[in-house]
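Reading through the structure tokens given below for one structure.
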Amino acid sequence: MTIQLDENGELRHFLSTEGLPRPLLTRILDTAESFSAVIDKSVKKVPLLRGRTVVNLFFEASTRTRTTFELAAKRLSADVLNVNVATTTVKGESLLDMLRNLEAMQADMFVVRHAESGTAEYIARHVREGVAVLNAGDGQHAHPTQAMLDAYTIRREKGDFEPLRVAIVGDILHSRVARSQIHALNGLGVGEVRVIAPRTLLPRHVETLGVQVYHDMEHGLADVDVVIMLRLQRERMAGALLPSEHEYYRLYGLTEEKLRRAKPDAIVMHPGPINRGVEIDSAVADGPQSVILKQVTNGIAVRMAVMSMTLGAHQKTEEVAE
Amino acid sequence: MTIQLDENGELRHFLSTEGLPRPLLTRILDTAESFSAVIDKSVKKVPLLRGRTVVNLFFEASTRTRTTFELAAKRLSADVLNVNVATTTVKGESLLDMLRNLEAMQADMFVVRHAESGTAEYIARHVREGVAVLNAGDGQHAHPTQAMLDAYTIRREKGDFEPLRVAIVGDILHSRVARSQIHALNGLGVGEVRVIAPRTLLPRHVETLGVQVYHDMEHGLADVDVVIMLRLQRERMAGALLPSEHEYYRLYGLTEEKLRRAKPDAIVMHPGPINRGVEIDSAVADGPQSVILKQVTNGIAVRMAVMSMTLGAHQKTEEVAE
Amino acid sequence: MTIQLDENGELRHFLSTEGLPRPLLTRILDTAESFSAVIDKSVKKVPLLRGRTVVNLFFEASTRTRTTFELAAKRLSADVLNVNVATTTVKGESLLDMLRNLEAMQADMFVVRHAESGTAEYIARHVREGVAVLNAGDGQHAHPTQAMLDAYTIRREKGDFEPLRVAIVGDILHSRVARSQIHALNGLGVGEVRVIAPRTLLPRHVETLGVQVYHDMEHGLADVDVVIMLRLQRERMAGALLPSEHEYYRLYGLTEEKLRRAKPDAIVMHPGPINRGVEIDSAVADGPQSVILKQVTNGIAVRMAVMSMTLGAHQKTEEVAE
């Protein structure tokens, strides 16, 4: 999506991990590294975005994701405005009119979450010069900051991407997280990306995304370095795409026994919140191979990175323009 | 309303534009001018209200208006507390008890919005020394910051007020915005203020407010410099005060054709949010004569101005008292 | 509750006033004294908690209490995150998983309010090293910051605790406030603590808490220095524990006439919000002996004190560990 980059190849918006050049993906991880140092201190604050206004524009409720963006913005010293559109009387205002108004209030960045795919990109195409848009999840399309924090966590735990085998397990079909992970991991040069799921939960032609397809855990997990479990949306059960929860757990739930198929030092990841006893056993989620909580911590640093990079790109453009 | 001014004629509260002396109205606009320079920068922040606590006390939901006051306060470095009373369990607490409690928490300013006319003034009469009250809309009475941002926008676009002809179009009867605009524009010396509305949407004896009354757009818009469209509250339709929406649009909706009656360089204003195709056509709202989004930007600067002026007046009083 | 103190006897969490050593209780009051000086200034801000993240974790709605903690944190320059769990879709996440996630976001402090007794302590037992937990009210168990602000108010108004007689009036049985007050006042060495209530609203064996028990105001209020009225939860009426509201007021409502039994310079306190004409007459609530609004102001200073003390204790531990 070329709209993400400016003429110098700098990140203007962050909408998707698809098609981003490897040096840029790597730079996001390197920038996050510097912010990890900041948030480990007791004074977890840098003045990079002081006087900037970040608007959390959430059309789909998600306290958890909004919170991580809000903390990232505050640790960069930005002013944060939370606009929860679901609970707001929009008085029949259209999305574009609402956007124009927030822009007119001199917002510098929109963090957008919406149940429909493509909303963040639509907004990015319509904001004025100098405003950055971050996708915090759009429909079943993309959740790029989640994918980058996963990549960041993998790099911190495992080092180089090239020799790694990574398995993504669960409902690939409906998961924006999985889609963004596949693009990010392939973009960063992971040796082999696998997906493990029943046929009903895989997109058609999924192998064209550059993944190896497995339908069972026994073969899929063999010798992998990283296991990424996806959250099971229980609503899917009703849709006849899935057998019972119990049956799903038996086949695809990550237990200590199944995990033994992976390498002995394999790490276990999950975007959260976890369904204990559905897609993952508590013994694994809380076990020594789990890095699930590290992912959360890393998520703040990665969001600080994309926030500072996108606004930094705009700032340079402004300086040139002046 | 003399309660707005202290013994030196400084602004202590901002409740209404009615009866304010011209030099004071002008000073609000001049102060806003200095803040417009601030919010055009990338670091949109001044430390004028650092350590001060601004309480948004909204008894009537309005994300839009609350947001502009919140941003204005944050750009002045104040701490902001949002108290949305509609959704709060007040446990049978009376308004005054609630106020006393917030005062006891050392609030420095209340920004009040309420469906009943006179609430902001009532609160101003009961707050302790040193606390400022800003009216963010009370019933059908007043919305003075909206009126001042409109006046500010007119001055920025048109210069001197004296030679101007300004037309306000729509439901004057129920509009706190219109009432405040009429007082502000007359107070600032606008040459001629017109109202254009059907008889059912005009207050009795409206001409005593110092306006020329028109019932049709053809004559009312003739040779005006500024056209202010009011938002049509669709609820009015049911009340038999209005014909159909379609009929209203035909008679009073601002189209490019009707706008041709005004001066060629006339500007078009609207307090927002706009009802496209009801009181204004999209071609006009988004057209070259529209300054609707500039009004939003100017609204932040004007709110910063009245916030800093009212707290400044209190500060002087405190210093003298010490 | 020894979990509140670290090995050096410093305050790590603030969960209950029960069993705290007198020097520590006194130090809380002394620390609050220094913050009272801060919040009386127009710039009510100190940088003690800059870069720290305080999470308000409210499982029970209370705008009033949340607001005082939020203001206290902001005046210490902390970043504040409000997580209202009642209105949050927790997606079936367990309390502990939620906690682990917020911890992973590098929260430094949880302010917890919950309808079940013991929740704050449960959380304190499960947070990681370096995170402080403050109890903002748990079931009918404790509300320790309220008790400390009451003690602080008494000391400011009356000086030494030893010679004082303090009466607590109302529904002792269901009141977390009363329980925490009794422990705090006895811990600080108040000469005599009395409870005044009908038998149905007293815990069994209440005298073992170190209080004198009275069932009528005439004898109970005789010669006391401080009268603390409790809020009557009107729900209790339905439960047959109480006669009518009118009858309750006749017997236990504080009127000017009943107050004459106390010492002439006795002060009247109430945790708020008050039920006028139920447990207290307006003439008393607004009269010269009432210090009810001073309690609110003092509440900010006391909360700043426990916030800075608990984080200070952790900081020392961290420094030693480094």
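Annotations
The first chain written gets the first letter, and so on, giving A, B and C; residue counts start at 1 in each chain.
Keep this in mind: a residue touches a chain if its C-beta (ideal position, glycine included) is under 8 Å from a C-beta of that chain, and two chains touch if they have at least 3 such contacts.
All values reported here derive from a predicted model rather than from experimental measurement.
If you sketch which chains touch which, every chain touches every other chain without exception. Both copies, subunit B and subunit C, contribute mostly unmatched positions to the interface they share, with under half of the numbers common to the two.
Rounded to whole angstrom, the centroid-to-centroid distance between subunit B and subunit C, based on C-alpha atoms, equals 42 Å.
Touching two or more other chains at once is no residue of subunit C.
Considering their complex, residues 50-53, 79, 81, 83, 88-94, 97-98, 100-106, 108, 315, 318 of subunit C touch subunit A. Put simply, subunit C touches subunit B in their complex at residues 39-45, 61, 63-64, 67-68, 70-71, 74-75, 272-276, 293-297, 299-300.
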